Every structure is written in structure tokens, then in C-alpha cells.
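Sharing a structure, written as C-alpha cells. Questions coming.
Chain naming follows the written order as A, B and C, and within any one chain the residues start at number 1.
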Amino acid sequence: MTDNMTLGERLARQGISRRTFLKFCASMASLMAMPPSMAAEMAEKLAGIRRLSVIWLSFQECTGCTESITRSHSPTLEGLLFDAISLDYHHTLQAASGTAAEHARAQAMQDNAGKYLLIVDGSIPTGEGGVYSTIAGISNHDMLVDSAKGAMAIVSVGTCAAFGGIPKANPNPTGAVAVSDIIKDKPIINVPGCPPIATVMTGVIAHVLTLGTIPDLDELGRPKVFFGDSIHDRCYRRPFYDQGKFAKSFDDEGARNGWCLYELGCKGPTTYNACATTKWNGGVSFPIESGHGCLGCSEPDFWDKGSFYRPLSTGEWGSGEILATGAAAGAAIGIGAALAARKRQDSITGGK
Amino acid sequence: MSPADVNKEHPLETKAPRLSIKKPQARYDKQGEMPDSERVEIAMKNFVRDFGAHVATYMESCIHCGMCAEACHYYVQTGDPKYTPIWKLEPFKQAYKREMGPFAIFYRMLGLKRKVTVEELEEWQELIYDSCTMCGRCTLICPMGIDIAALVAQARHGMFQAGLVPHELWAVAERAHREGSPLGATPKVFKERIEWLADDHEIEIPVDKEQADVIISMSSIEIMKYPESIVATAKVLNALKQNWTIRLDGYEATNFGLLSGNSQWQKETSMKIIDAAVKCGARLLILPECGHAYGALRWQGANMFGKPLPFKVVHISEFLAENLNSGLLKVKKVGKSVTFHDPCQISRRGGATQAGRDVLKALGADLREMSPTGNLNWCCGGGGGVITIHRADNLRYKVFEIKMKQVNDANAEMLVTTCSNCRQTFDDGQAHFKWDKTANSLLEMVADNLVEG
Amino acid sequence: MELLEFARGPALMWSLIIFCFGVAWRLVGILLLRRKPDLSEARSRATLWGGIRTVFSRIWVRKEFQSRTAYGAALGYVFHIGLAIVVLLFVPHILFIKDLTGLSWGGLPNGVIYATGVITLIALIIIMIRRLTHPVLKLLSNFDDYFSWVVTTAPLLTGLLATAHLGARYETLLGLHILSVELFLVWFPFGKLMHAILFAVSRGTTGALLERKGAAT
């Protein structure tokens, strides 16, 4: 249930000092590549806002996105965020369950019609009329359509909601699709990742909250501020790539020296995310730094793009047998051509 | 001259400000009365006959790099790109790709390579004959190793049968076929010359022996223009006490069938000598100072015969070198500085580059090589039948300027060569340019300096 | 299916199949035409050695010809060697070859590759200008010459653009780069690019035939 306190009032009640609050705003502004002056503006706006109603729908998902967003590097910051919003529906975090939970959702949608933020994680199955995932007897598809009607914007959190993710991987038995495949008339912000980085998710929400606008999005609907650069272009191991120093196995000298993981299948060059800069778990590390190549998890269909361990410069070229067959077929045609030519020679010259 | 006399193909434009002929074009010669369509068909038939694995390899391998032009004396002296060696083979190449290449059926079906036209063949006459001596420098420069010189010889097969040979060359070849010599050195004339020479020089020249170990041949150029060669050869063989002969049923070493492109006449000419050699049981055939004779008999003779020849074939320069090197033949020392012109068909194409040099060494000559020399020497410009084509004279003189500079720069007292066609070309060039250097015969130089006993 | 996926998937397989098919067809179609035996007495029996030797000796222009051919030959060397360096010594390319053949070797630092690529591209442009303006080359050149240049230059150009992130998103440029290589593979057997294989056959044939005569090879 939404109360009417401003964020500032709530924070004061909780004993969060203005100083701490300003620090939060400054770090958020910096994270989103905004000028330092924005910090003050952000602080003023945030202090005066009434809590934004947020409805979080979870469909065909693994709950990884929720796990990620709750792993904050400073509970205070995430806590601040959760104090700034009214999370009116979330399967994992809400207290209610069953019909009470569904009722809370319906109530929030009614009370905040046109103004609530809809967050979705998990893909939406469309096979067999959508029976593969239902909540309270309602298919994901129908719930999404219904909930989207009164939303001011939708945030598709995680690669499943953004692009279809794991369920969509070949052969896609449930007919899984992304949110943007179903909803066409609302602004959608895709925040992919499997899962997305905690601060990326909170940063996007903070942007919507403070500025009331959708951030600049790339061609795949992802905020450019977090997804504008490829991992490769920001990776700390890039100098090794440039020098031609590559780890050839996971435990060789190169690997132990922290050399580039391109040869071990890193998809950094074609993956856009903030892993290389913002990193995970409060900036502790990210997959490459921990010695494993990037899987490309914030890209569409990353499960169907070939092995995670084959380099980007290889492809599915068939097999030696297929090529040998091609060559044999060519040789056969060549023999035919030579015989035909000899015959033609005889007929033109009258048999020499 | 009334307007009615004017060639209708080249009408006059009397109304033009300057009297001119419409469409001046390169002259081409035609033999026979065949309609054009028949000429093309016959040309194609004879091109196709030569399209085997070697021709195919070469025609598929050209990458249009244009380097062959830089090796060709005709291009180098004129800067005219039409003389690019591989361009000389363009109709031949198109015909191969269209008729016999691996993709030929698609080229034909989709019209990707059009049929060669009679106009093209006419235009190409001067490229295939006037401006190619088959010297083989292009073969050496080609980065793909295409033997362009050999291909030109093959392209001539189609041109001859289509009646598209430069007329003088055709006429000379026809005379050779009919009379046995391109220059009138018929057996009767030859016999008379031999008798007169033997008498004049008091030397034994055995003719028509039933059995001989060595049979010699002569080129009509020597018989008619440099008859001392006959005497010189006799002197050398007599000094070596060889059982040798000249056979009037097979002596003509020049091969205008090869030069003009008539493979049947080429075979007949070669077979005369081969048959004569077989008849007298010779174990050695000596070829005279003639370039293309070497190609014709040393390298193509057995193929005309249909089996390996039962005798060895050498060029006279090789014979002299062998005998001088072994000491069987002895010569006086000639204390002169000499530069040597390499006949293309003996040195570069023939593989006997060292022979002439061995002879000069034995003669004690101060050899001053011209630059470039040996296998890379420049062609005299008159071989391959070119010297017979009068409309090509100016081009040949232009090309001869290269030889004059080479010889002048070598700074030697004497110029020596071992091919009488080169010698003839040098003589003609010398006269035209009023040049002060004369080409001498290597054979005659040896004969003149023989040490008796 | 996205461009990059298509390029790394069916396009790669089919272009390789067409390459193998076309090369075999053309080679066999040439080599199985008629041959005539040479019955003349050989001056040298080392024809195999002559053939092999000539395959290598023709890499270099004879010194007597160098003054007239230096410029063109130099351009050819720069472009061929440059392309070889870029194709064979750039680690992502080596990994591609390793995936196809199992063979691999060490690479050069990327900066060296990029610089070489730029030099190679400049050489290729000069080569095209020369082909368009030199009287001999103008006369000889046909569609094959121009198109072969295009399919050779395109991979180099798209590769450089992809590295520089110029002109489109990286994945698009990478996709175009791989597709341009596939176009090269598809065209290879049917035009003059086949010289990369035929050079050995042609040089070897002449080397063997002329060696037999003891003539200059």
C-alpha cells in the first residue's frame, strides 16, 4: 500500500542524514555520466518525490535478476532506492501471497493508473496459448498486456525479458518471447544481462525516478550510458589483446598472467554492458577479471551463437567431410568438363 | 585515276577539307577466296586442335599484369600497348575459354565470351606475325611462367589455315613447299653451287653418299647469300676426318611451315632431312647456322617422326664447341675483342647458350659480353619470319636500334653470331642505318682459323 | 537471423563449399585435357626439379628486367606481403585458420597488423589507379581484373573499418567483413584469383618443359 510521505520525510524518519543522502545522489549522478551539478538537482527532486509505485512482474525467469538487484554493495543505497519506490508487487520480496498478492497488484494499478512503473523479468511463453507459465491461473501474456495498459513505462530487466533469454534458446519449446515482442505502445527500457549488474538496474530506475524520462537508448532499447560501449573497448586486458598476448588454456602461463581471453572464446568485442567499468559486487570483479571469457549475456540469442569457448573469429563451417564432398563433386564436374571438351575438340577438328 | 578504280572498302572522302581515306586501318593480307565465315570456322578448328592441357594451363593463368610488354622489343621501342605479348594471343585465349575451358559451356550458354570474329583475326595478323619473332623473352619475364612464345607459334596454325598470313611470308612458305627451298635453292641449284664451291676452294664436299656417319643440313639463306658456310662446314668436317655427306633429298634446314603456321608443311620439311638421315644411316645430324632450324629439328623433329630419332641432332656451334673442347679440332688464336649476339632459338629457347662462347674461348677471343647477354640477350628482330614481311620493315628497324646500342656499348672489334637469319637481319639493319658494325659467322671464323693436321 | 550470425553460419559453410567445389572443378578441367608426348632427346632429365625450381625462381624478377618493372613489381610485393601479414599473422585470423585446419602459429601485435593493413590498402588503391591509367593495363583489363580487385580490397577495408569502429556498429562491420571474405572465396575459383593455385601449375609446367631442353627457365 502506497503511503504519501515524500522520500525526504521518510529518510529523515529513518535517521539517514542529508549528507549521506547527498553522497548517494552524487554517486548515482556520476554512475550515469551526468555532470556533478546534477547531484544537487537529483537530491532536490528525490527529496520531494512521493514514492513511485512499482509493479514487478516475474514470468519465465530464474529469479537471478532479483538476486542481483538485492546484492547491493551498500545496503544503504539499495535501501534508499527501495524507500524511494513503493514496490507494490514482487513475487519474491512481497509479504503477501495468493489472492492477497494479486489484489494488491490490482489495487496499485487502479490507484496509480497511468503513473506506475512496470518492471518485468523473465520471458513470456506464447506456445499452446501461453499455458507454460501462469500466475493465479492467468497466463503471463495476458497479465503483461493487462498490466501494461496503465504503466507509464516498462523496464525489461534481464536478457529473458529484454530478448527472450534462456527459454528462447533453440528449440524454444515454450515459444518464449521478449516483452517488446508483445507490448508495442509503451516506452520500454531493456536492461539485459544474465543477470544484469545491480547498479545498472538501480541506476536506470533512479534515472526514471529523478528525471521522469526514459534515458537515451541504443538500437536494442538499452540505456546507452550503461550499454554504449563493448566490453572489449573497456576491458582492462585490452593491452594484452593489442600486443597479441592470449591465454591458450585456462591454466596456462598466459591465463595466470591475466592475458586476453579471446582465444578461449571471450565475446567481449560484440557484447555491450557495463561489466568492464562498473563491474560486479561493488566493483570487486567481473567474469574476465576472474579468468573466464565474456559469454555475451546481454546480447539477444547469446545461447544460440555457438560455443562460449570458440573464438569470435571462428564460425560454423560444417565439417571436413562436407568440404571434401564438395571438392569431390567439383572434381567430378571437372572430369565431365574435360571429357566434354575433348569430345568438342574432336568434333570441331574432325578427329585430329 | 578514275573514281571507279578506288577500292570500295576504303572510299575516298573527296568533300573533306583534306583528301583522306575513310577509316584508315592496318593492312592485312588474305589468301584464298573463302568467305569470312569460313575463315573464322577454319581458324577456330585449328586453334582448337592445339588446345590441350598445356595451352589450357597457360590461358587460365594470365593475370593481366602487363609485365610481358616490358620484355618485348616491339613494345619497348614503340610504347604501343598492342604489342604486349599476351595481347597477341587474345583471340586464341578467347577461343580457348569459349570452346574448351572448364567453364566453357556456361560461357557459351550465357554469352559471357563472344565468338572470335574475322575482323579480329584480320586485326591480329600484324600482332601474330609482324611483331613477334617468338624470341621468348616474354616467357622468361612472366610471373606465371606462361610460355607466350610457344603459344604464338600455335596461334599461327589457325591463321594459316584461315588464309590470314602476311603475303610475303605465305609466298615464301609456299615456294619452299613447292620447290624445296624458300629462296630458290632447289636441289638442282644447290648441287650446282656445291660443285662450283668445291671446285673454287679446292675442297671435298661429298654429296649423296649411300652411307655416312654425319649428315649436314644447310639453310637457304646460307646457300643463296652466305655460301662460304658450306665451304666452312666442309673444312671442319674434313679436318676431323668425318665420314660425312650432304643429301640432296634432304638438306633444307629452314622451316617456313613452322614460321608461317602450316604444321603439315612443317612436318614435310623436317621429314625430308630425317628420311635422308635414316637412309644414309647417319648417327649425327648437324644443323647449320640457323635459329628456328634448331627448334624445328632438335626439339620438334622426333615428334614429326612419331618416335625418337635414331640419330643425334646438334647445332653447328655445339658440334664445334664439343670438338674444340676435346681438342680434336684445333684453331689459331684470334687476338681480337669480340662480342657475341645470341640467336634466340639457340641460346634462350634452345639451351645451347654456352656453345658459341666455348668456341670463342678456344679461338682465344677477348669476349666482351653485351648487356644483357646470354639467355637474356635481345632478339635481332628479324626471326620467326618477320624479315620476310616488308610492311614490318620500319618496325624492325626501330627494334634493331636496341641491338646497335648493345653492340656499340660492348666496345669490341668484332661482332659474331651463329644464325644466318640474325646475320641477314644485321646486314639489312647495317645498310639501313649505315652502321659500321658487321655480323660475322662463328662457323666461318672457326673455318678461317683452322690449324691443319 | 542477424547479419553477423548469418556470416558466421550458413554463409561461411556455403562459401567454403563453393570454394572447394569450384577449385576442384577448374583444376581438374584443365589438367585432364590432352597431352602430347615429347619424343625428342632430352638434354636434361631433371624436369621435376626444373619445374619445382621455377615455381620459386619466378617469385623474383630477373635482374635484366628489373629496371623496367621495378615499380609495378614493388607494388605487387607490398600488397601481397602486406595482405599475407594481415591475413596470416593477426591472431583472430590465425584462430580462424586453426579452427579450419588445426594449424596455428604465433601472431604479431595488433598495432603492426593495423599499420600493415593501411599500407596494403594504399598499395591496392595505387594498383587500381595504375591499372586504370597505364596503357598496357588499360588494354588488357576486363571485368575479372576489376572485380577481383574489389573482392580482395573489401575484406581489408571492412576489417580496418571494423577495428576502427567506423561507419556502423561493430557487429555490423564485423558481419560485413566476414561476408566480404566469403564473397572472395566464392569468386576465387572463377576468376584470376585462381592464380594463387595455378601459379604453381603454370610455372612448374614451363620449368619442366624448358629444363628438358636445357633452356633458360
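In this text, contacts are C-beta pairs under 8 Å (C-beta built on N, C-alpha and C of every residue); 3 or more make two chains touch, one makes a residue touch a chain.
These numbers were taken from a predicted model, which means no experiment stands behind them.
In this assembly, the chain whose C-alpha centre lies farthest from subunit A is B. Simply put, of B-C and A-B, more C-beta pairs touch at B-C.
Per-chain CA centroids place subunit A at a distance of 43 Å from subunit C.
We define each chain's centre as the mean of its Cα atoms; on that basis subunit B and subunit C are separated by 37 Å.
If you average the CA atoms of subunit A and of subunit B, the two centres end up 80 Å from each other.
Residue positions 51, 100-103 of subunit B are each in touch with at least two other chains. For subunit C, the set of residues touching two or more other chains reads 25-26, 28-34.
Taken residue by residue, subunit A touches two or more other chains at 334, 337-338, 341, 345, whereas all remaining positions touch fewer. Interface residues of subunit C, counted against subunit A in their complex, comprise 2, 4-5, 7-10, 12-13, 16-18, 20-34, 91-93, 95-96, 99-100, 106-111, 165, 169-171, 174, 178. Put simply, subunit B touches subunit A in their complex at residues 44-46, 48-49, 51, 99-105.
In the complex of the two chains, the subunit A residues touching subunit B come out as 334, 337-338, 340-341, 344-345, 348-350, 352.
On the side of subunit A, the complex with subunit C involves touching residues 219, 230, 233, 241-244, 246, 262-263, 269-270, 300-301, 305-306, 310-318, 322-324, 326-331, 333-335, 337-339, 341-342, 345.
Against subunit B, the residues of subunit C that register as touching in their complex are 25-26, 28-41, 43, 54, 58-59, 61-62, 64-65, 68-69, 72-73, 76, 134-142, 144-145, 190, 192, 194-195, 198-199, 201-207, 209-210, 213-216.
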